[in-house]
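Structures for review follow.
Both complexes shown next keep chain A, but they swap its partner, so chain B is in the first and chain C is in the second.
Up next, the complex of A and B:
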């Protein structure tokens, strides 16, 4: 009986967690300084914005979609907050306004995807370009600055040796986890990916649900944007370009399926950490950055191919 | 006399281009199983959906508890206790059984969060009332078997405290044992006074569960009879509407040489086991069997859609193996598939383009194509097959089911393959179009084509085939020739169900 339950728990550990352990072991053999608290803390700090963004992307992937505008939304938030603050609006209020904006962007994404029945990656790709343009227009293409003490509060206040920003990511994780597991909204997200007809027959509007989900992801992108702003202490119109894909990769690595509303936000943590640890480790052991992208790309592809092979095998 | 719960009077439902229901009456009593029967497209599912509030009838009224009701969607019907157990499962795969049962009616804690414990308790109680306590209500639906999922559907329906339950082809995907336990459940529900509408076309089931039968044909109600007062033959005649021999025309013609032969064909999924069949030029060979018997899977092997695990295929006595559909087409095999929307037609494209889709290379051996010539060919087939359309440049999606199927046929006729596989060729099309397709199949056979016909409608297989193979759980269990004593729906039906062969065929 005991053995059985141990096996069951082992089964629930996503495969990516094993990969994570293996890679940490490899790096620690390659460099004796690798396994240190400060390096681990570094990884956590570096991964925080992407981590938050990936939690939002996970919700979208659960609905069988991808939101390619999430990275652009992050960049936009950094720019827009500075833009507002420069014009006399209190920084914290500007942050709130920016998050409302990304929620709105998300809602529009959801509306187009749901009402127009358009493949999400096309609709959100369009939105990505629009949002990118707005960011560039607001800044005339360069970085914009507004100095404030708030940034440092977020990045440097520590609780239990860990900076506040990491705790923000923890809070976002808890919120998304509770939403997915303990609310009607979350149940409906699984329904959107699993069986839309079932939702409709139960009297739930899939259109409204999709709009809510994209707006929710937009809100999370807004939070990721605020954290990014605090880290770079400036508005950068292209700072988060490409993050949306890394977030998708992390989600898929974490075991969430693009097909049928399967998975969850816990695996995504491991997915993000894996990507970040590889990046960090490659830096520590001194691999040139031009090779790094190729290595990360290969690992993502390998993970997805393994997943596909396992699924096909299971079918047969 | 039991109380009448539900009454439908003079129901007429129109769909673009056809009358799905025409002045149909129907009533249901407490504790009764009322079977709705008819051919595909007869209107049984449409009537069920009107009762469920999913469709609004153009004319007529529905009375529930002696009160006229006008449902605006299924939700209002649900509120009255009229629930459906759907044919295709309407469950969300990766949430728990309990969450599925209470989808959109979740119990919540004071904080507004889902109260999983309470939902699981209630779900467990429902499962116990169905004697299905072995189903773990915490597990994801995806991990359950098809039959277990159906029990979840029933539990979900029961959670609405129903007075009327509608089952739409519930046994289509179940194994025999699972069917038995489903029927046990239906008997139990019946005893509790729930009125049950049971939509089906499996005649073998009727005496096991039904009380009364209403026969529909082409949207018209033919008759309502007590289950004991009607023989299978009478039922078939009422469903088909005329003597079966008039619908199916077969010219006697010579069968020359074996066009296609398989030996011990197996697939990887275990749905096709050691299938050895043959078809001669000029012959129509039927494959009969229940849903899931492996008929479509066999066709998919022959057409190269699924890989062959072992066994041989001989075309004109040459050992070949269709590796993919393109390969099969080259070898002279055509497939008129079960699902013309998915596999048979490019629905958004014109009739003309679909007509030449396969034969394009044959018609235009050079690089360039000519629209004029395509149109000429299409017009020719439009005339020959009597495709009802104003123009061959219309997109196929605007055609009725019968006319779409004719376009599929035109596509193959213009390519002129030697072997044609018909997989449920008349599904969802009206009787008139069916008869035309039968006529066409007959003509093709006379021209020397070898035809394999797969169909769930026994009368159709019996009416058209020269020889019938009976499949059961992936194996050919018997072969019956036209003219033999066993060539009738009773003995073929029994073998389809039980999988036992009758007298061994002498020639082999």
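Up next, the complex of A and C:
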């Protein structure tokens, strides 16, 4: 790594971070309730499930793929844990079993993508529908309920004024960061996106590596599912529908590229925060929900366009 | 290097385990409320934890009239802030309810903020909106819950912050300050009783059920069965789900008419499925069957007018939103508590049935869907 001058450090900050600062300043002027510690904590709590999921999605995007089944996996985990718990399995054990299941789902995704050489978009879309159906079948379409105090331990225990669930996201971040930057597996993930031939030449099987990556993302989705369960204290078969796209958007906003195998989880944090801070801000300022999606869409597009322009300029 | 991967995976697994251990616990006294239904296994609201309906006479309510005619003498002493959270922005029912809250804001002099999840019926987003409304220091949050249990984290946080929570329609799994909107069971009783009377206490009925697990449809069905129990010669010939949908109401009725030719009445758990029944009857050339539904929607009103439908129940989302605000403002003004934790509105006391005699007046003056047209 090069010596970090201040300018270089600034260059490494994804443009989305600047966008974030601008938006926070705007909202602060619009409403006096906005800029407070309790609202800051509020945003962190609200961001957590998507944040964790987006870390998993980032790994997939780095391999030039997208996993559209991740949202469905989150919903499935919330439902499946309750389903098992209702049948007498200890909630905590049910959580572990569910995470193992999503790892398996991820592995199957990876197998289909790698062995069949099928575009990840299609393969995981198929899986999304299957997993969705399973969740709906397990619950007969409605939500399911199992009462436990564990949920509130996760959402209400605070360490340094921040709830435990946010610390879980921090831990997942650290793990994903270490895996991507410090392990052979991580290097291979970047290799899958950057240069598959080189990977093959180095004697590494892209098939195995893809399977592992999707399983890894599945496991992270499982953790996101546990957190979501604790958030809504019930199994909701469609709770996370669409999160996979938000996770892709957050990943791309964070500067991870779909084409080059470049980027990482640090940028993803800013991507998720951007989306959640806009949503929270619009709610706190009191913008009607029908306008909110349009505003979020516009800001996301603007951020992506600014990002692209900055990159083109940098290349010139 | 492989080892490192393994280590990383194990670390993540270990982290998942830390969730289980739990280092310190939140206040244990609030825990007791949470553990009482430890083995409860389904989502349908358990009546044991909630107060049953308190019927208040129409002249004792803080509002006058019903539907688009609703008015109130209640005025806020201060500029209160009341937030309303719908289930979605696509169902006319929800849109009308938000309008009711806005109208109340204009009439009673408070700031009304209406929100809905951008993903329809997402309780997770409803909780987020509640958290954001707590930041806004709302005085009251009115919510049409997407899920009774799922909304509870939001309800608890709001109540801890000293904010009054009112639910409309689907209640939270524990009693809040107030629940209003229709009592689904009562709507079922009222409609079924009327139909039984019209049939002279004799006949075979087809029921078009709601989506499996939907608490409102289940309670409505209980009410219908309860009413029919009074009439020994009324039989429920068949009861199948039409998922609240017109197309499914039609196909289910078509199929059932093949098997049961001797049918005198059809009750759909909402107007849409009932209208599907109407279509099926028309296709089969049957005009001797009474069809009833719930909600008093635009199409159902036309169907009652043209004689295709026997009756529908004005569930009045507009008035429900309005009355919730009236109770809230009364309480904020001088601490006047509502008469109970669940005051249904409208009830049979408000003449909610739309039939051939009342449809003209309903359409001209009352219909809740007028406010969103």
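Criterion: the second predicted complex is superposed on the first by the 300 of 316 C-alpha atoms of A that agree within 3 Å, B and C clash if a C-alpha of one lies under 4 Å from a C-alpha of the other, contacts with A are read in each partner's own complex, and residues count from 1 in each chain.
Assume contacts are C-beta pairs under 8 Å (C-beta built on N, C-alpha and C of every residue); 3 or more make two chains touch, one makes a residue touch a chain.
As the structure is a prediction and not an experimental result, all values here were calculated from the model.
After the superposition on A, what does A:260 contact: first (chain B), second (chain C), both or neither?
first
When the two structures are overlaid on chain A, which partner does A:141 contact: first (chain B), second (chain C), both, or neither?
second
Answer with first, second, both or neither: which of chain B and chain C does A:286 touch in the superposed model?
second
Between chain B (first) and chain C (second), which does A:42 come into contact with in this model arrangement: first, second, both, or neither?
Touch status of A:42: second partner only.
Can A:115 be said to touch chain B (first), chain C (second), both, or neither?
neither
Contacts for A:182 in the overlay, against chain B (first) and chain C (second): which applies, first, second, both or neither?
Touch partners of A:182: chain B and chain C.
For chain A, which side has the bigger count of touched residues, chain B or chain C?
C
Applying the document's definition of touch, where does A:201 land relative to chain B and chain C: first, second, both, or neither?
Only chain B is touched by A:201; chain C is not.
Show me the chain A residues, by the header's touch rule, that chain B contacts in one structure and chain C contacts in the other.
178, 182-184
Okay, in this complex, where on chain A does chain C touch?
Within the complex, chain A touches chain C at residues 31, 33-34, 36, 38-39, 42, 45-46, 49, 86, 92, 95-96, 99, 139-157, 159, 164, 168, 171-172, 175, 178-179, 182-185, 212, 216, 219-220, 222-223, 226, 228, 231-234, 236, 238-242, 279-280, 283-284, 286, 288-290, 292-293.
Tell me, which parts of chain B touch chain A in their complex?
Going by the criterion above, the answer is residues 74-75, 86, 88-95, 99-100, 103-106, 112-114, 116, 142, 268-269.
Considering only the defined contacts, which chain C positions touch chain A in the complex?
Residues of chain C touching chain A: 1-2, 4-5, 8-9, 11-13, 15-20, 22-26, 30-31, 34-38, 40-43, 89, 113-119, 121-124, 127-129, 131-137, 147, 149-150, 152-153, 173, 211-214.
Quick check on the complex: what are the chain A residues that touch chain B?
Interface residues on the chain A side: 178, 181-184, 187, 190-191, 193-195, 197-199, 201-204, 260-263, 316.
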